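Here it is: the structure, laid out below.
Per-chain residue numbering starts at 1, and chain names A, B, C and D are given in the order in which the chains are listed.
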Amino acid sequence: MLYFLSDYTEGCHPKVMAALAETNLESQPGYGEDRWCRAAADALRALCGETDVYFLTGGTQANLVVISALLRRHEAVIAAETGHIAVHEAGAVEFTGHKVITLPSRGGKLDAGELEAYLQGFYADATHAHMPCPGMVYLSQPTELGTLYTKAELRGLYETCRRWELPLFLDGARLGYGLKSPSCDMTLRDVAALTDVFTLGGTKVGALCGEAVCFRPGVTPRGFLTMTKQQGAMLAKGRLLGVQFDALLRDGLYWEISRRAVGLALALKAAFVEKGYPLYADSPTNQQFVILTAAQKERLEKEAAFSVWERLPDGRFAVRFVTSWATQPEDVDALKALL
Amino acid sequence: MLYFLSDYTEGCHPKVMAALAETNLESQPGYGEDRWCRAAADALRALCGETDVYFLTGGTQANLVVISALLRRHEAVIAAETGHIAVHEAGAVEFTGHKVITLPSRGGKLDAGELEAYLQGFYADATHAHMPCPGMVYLSQPTELGTLYTKAELRGLYETCRRWELPLFLDGARLGYGLKSPSCDMTLRDVAALTDVFTLGGTKVGALCGEAVCFRPGVTPRGFLTMTKQQGAMLAKGRLLGVQFDALLRDGLYWEISRRAVGLALALKAAFVEKGYPLYADSPTNQQFVILTAAQKERLEKEAAFSVWERLPDGRFAVRFVTSWATQPEDVDALKALL
Amino acid sequence: MLYFLSDYTEGCHPKVMAALAETNLESQPGYGEDRWCRAAADALRALCGETDVYFLTGGTQANLVVISALLRRHEAVIAAETGHIAVHEAGAVEFTGHKVITLPSRGGKLDAGELEAYLQGFYADATHAHMPCPGMVYLSQPTELGTLYTKAELRGLYETCRRWELPLFLDGARLGYGLKSPSCDMTLRDVAALTDVFTLGGTKVGALCGEAVCFRPGVTPRGFLTMTKQQGAMLAKGRLLGVQFDALLRDGLYWEISRRAVGLALALKAAFVEKGYPLYADSPTNQQFVILTAAQKERLEKEAAFSVWERLPDGRFAVRFVTSWATQPEDVDALKALL
Amino acid sequence: MLYFLSDYTEGCHPKVMAALAETNLESQPGYGEDRWCRAAADALRALCGETDVYFLTGGTQANLVVISALLRRHEAVIAAETGHIAVHEAGAVEFTGHKVITLPSRGGKLDAGELEAYLQGFYADATHAHMPCPGMVYLSQPTELGTLYTKAELRGLYETCRRWELPLFLDGARLGYGLKSPSCDMTLRDVAALTDVFTLGGTKVGALCGEAVCFRPGVTPRGFLTMTKQQGAMLAKGRLLGVQFDALLRDGLYWEISRRAVGLALALKAAFVEKGYPLYADSPTNQQFVILTAAQKERLEKEAAFSVWERLPDGRFAVRFVTSWATQPEDVDALKALL
């Protein structure tokens, strides 16, 4: 079976596994106070400048902990209607007491003009004290559809947020696959400069688990460590996250994994396009969305694992093929041969 | 440095690491639907009879997810005043909306008679509808002081809970060290029979992370998986937990780790007693609590890592020494030589 | 000034005030255990059949207490996107931990077919365990736009809810004005028969404050009284609500108030239509929505108090005129003369 | 029947009822923006200096809204173990996500020295980041046992709070009965000067419902009005609270009610003491706690309504007699004749 189901269907990159094995017997303090967490945080700072780094286990967890830490009691987070927090996180943000206000999705993205218009409209409404108060903005890069914000788009959103004094949070669960796309015009340093807090995802980019949360200094909520404990998000053996991120960031492994997987995904995309398969979304990253007829889907399913994204009204299927560090070029070739 | 700081200062047992490495490249579905999670759940059922098994990442996480899943909106959980959820979980239960009602600690333990008296008193109070309603009972085995419930004590609590229709939850973050203590008169099967839900901890017994949550069939809350997602407690690569628990439970590694560590701890305890050090708690498990003078503490700290539990009113210190799979007999001998 | 701002700008109907004064010195137990609450609940049961009645203070309070009492932890409430809980309750439902899932508003109403389609789509989605689970349905009668569900429409929604085992909650903050509209084809008994829980609003129909919450027997959550206390919704002097509802329901005052106010509102509507003012919504109840040019608005504002509902893209204004027990026919005539 | 059950068993003081009747037909904006709320707030400021005033409906509601507005996500409120929020509010504070940390009750009161020791101990504990962070201090004046803080005691607590940067919240549900006790050495102005936020209770001092919340300027949380809406605590007809507080504060009615009721309570207390009944608590305010044998209790219950506070281990009963504006001197005399 050719496996394109997702980027979390194998374990970790072999170099990450090697790092875990090598450091396994070292005695280190718990709760993220070990030397590997410090080293990984330093490596992150070397890449993007001064930042407060915390390591959490998963993407939904990072989102709910960060959002509920930054919002005040009566505030809501703004997201695109396709945003992960608005769809596939089981109401995690609401469980912490906050509404997710959704704006239209433009290919998975928020539009700075629409955000500005929403905020002006909100405060122009005489009844706004009876409505949840916008308290921060959430976006994902790449988006849930694999698409990318340009640097200008991100700057536009960031400047809007500055004007309205709203923290901007970038969910980078697949940030490597975004930054290493040939279509991307921004760096990690840009991300750090144009957001108030962002995550750099490990789980989908070669780690067993782990997301780095990076706060702009001054934005970090007082008591954040206690909040992570309070939400069950603090690992006793925090080293598990530190060792992995250290291995990923040392010698650029994180970027090498990302670049390679994006290359394989784009080769696959080119093959789909060449064979006349329509695209569901035009993604320059490691997730590819194409439209299959029922017959095509049935035929491909016999040889390849991929996921159904949506059943279209006309009976066809939007499906997703994902590459990762574990994807082999031969598998891509084999899939191409089936098209 | 002789390391007795805690049972989560090293990575995982080498056999667990080997299992992670061996299975690393296997493609498996995410979110705990992999074959290793199924195998580990089967292994648990072989040990304790029919049970619904879920794997979560950490102890505080397991506690807050289980408790908030079982309680109704206006209900509270009853615990000993020394219970982990009442002290060292940063208000995690309260953050999910529920009070922790504390009863006196009898060497870390709840007493069935006191529980019964509390419940009778609660319902005899004409104003009880104005108070948080007792909704479940929490205990830890071994307790936070390393002490153990006897089977008769656990049965007494379970029967009290049955009479009042309260689920009984046993936090087994260190359950192996309890069951393999020579002082223990119960088996895992007894635990399953005398509770409604219990955890079997991995983090402190040889895994990198992971707690198995075992619900008595019929007790499992509908929608529990969604709740774990909602609380950021569902790993994308759920295999990380499945592979580790499979390795721990296959061939009895979990019990071997536990028995060995308890043996070393008791040897250490015997040495302390022999040398005339007073015990702070009389623990038959892998955590040993002794009382040191300031001078003794200062001297030992130069050679050994341990933790200060409490500063006593007379200026002495209650300190804790902990053993684990990573503790070497030579280290115990070296420490004994220092006493 | 002609006052059409809302139906909560005066105190209470004089007969309600008289009842408060007459009963003022009676000694009665607190917390809703007084004889007036019992009498009012009996009066309600006489009107709509067996039901469990509780009296709360306000509309948002009733909504958040009822919804959070009926939902399980991971469940969400479905509402029209114009529903009060989705717009003007400051995120009250989310603060209790639950998402509001919005469906399109059809003149303020939910459509049974769209509800069915949503539910089928939800469960057909393989990832639905990662999404908030639909747990109940909320609608308002009359809606926020003054419109009314027909009995057939309500039955359609109720049957859909039955099929999916979802409680149906009808927010009747202005229920009197709905049931006494000449366009309404249902009775209070129908409301009770075709919902699982509904409110009968007092605040906007002649009381100083107060909403009656009526649960279908068997639906009432165990511990509901404690939940009201827990959410700060239990009045010490519960008699304040009982006396008022008793006065409103005795001798049909509630219905007389409603019928009269709807009559005045429809007279006003007829005048607007006759003078060629376009309607923003075609309401058969006590709230009337018309569209004014900026000049018309400016002119009318000098003589009458009304509220701006929305600024339309073409620069005109949707505005709302509301009648109540306190509206005088002369005021309606005076306003008509201004059109 | 002689009625001493509580201070919320009758309606409101006749002058308050008269004010409601007189203002009933006035058209005023909703949600507390009416002229009566403004007038009542001005009256309060005239009494205690600059303060931000909000009117809420009930005591538990005021407590939960204020506490959850002032605490940050990971913070807890400190209270005496007898504090209303720790006992008789159905877990309302916990439902908003926060733990209530309890300190010993000294006759219902917190002790500044014990508070200081607790705070020093908390921060001296190396694991304090794993525990709920103390975020504010709650006390009630008079306490739940009718006792009073002296001005020196309150100042001691306030200064401790200042040192640790913790807001001090004084629950004044019965504040009038405290300030007008002959044993009280403080004024409302002192209360305002020695707290960060306090309530002045209306429900138990002559109103149908209503508590005034007074924040020290600068302490008021941004968005507080939205929070009250979010918690179902904003009345549509906010005038109901404004009119009542205006009537209570105009011409000193509030203080007259308080002084008179305390006088009657102390006369009753003197009679109990004279007849040799032991006191359960030595209260100088409108709640009197005495100890009755079972026979005494049974005999008195035939003629008088009072509440059982606690069944003592020796079989006797601690009971409570409460006076209010509605208590008649003849009733006190009649009760005295029964002793």
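Rule of thumb we're sticking to: contacts are C-beta pairs under 8 Å (C-beta built on N, C-alpha and C of every residue); 3 or more make two chains touch, one makes a residue touch a chain.
Predicted model only: the values in this text are computed from it and were never measured.
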Looking at CA centres, what chain is most distant from chain A?
D
More Cb-Cb contact pairs, comparing A-B against B-D, go to A-B
What whole-Å value do you get for the distance between chain A and chain B if each is reduced to the mean of its CA atoms?
33
Euclidean distance of C-alpha centroids - chain B vs chain D, Å:
42
Counting only residues that touch at least two other chains, what does the list for chain D look like?
73-74, 89-91, 95, 97, 129-132, 226-227, 229-230
Overall pattern in which the protein chains touch one another (line/ring/star/complete/other):
complete
Mind pulling up the chain C residues that touch chain B in the complex?
31, 68-69, 72-75, 97, 129-133, 221-223, 225-227, 229-230
State the interface residues of chain D toward chain C in the complex, per the touch definition above.
1, 3, 5-6, 8-12, 14, 17, 20-21, 23-30, 57-65, 89-92, 95, 203-204, 208-209, 226-227, 229-237, 239-240, 305, 326
Could you please specify the touching residues of chain C with respect to chain A in the complex?
73-74, 76, 87-91, 94-100, 124, 126-127, 129-132, 307-308, 311
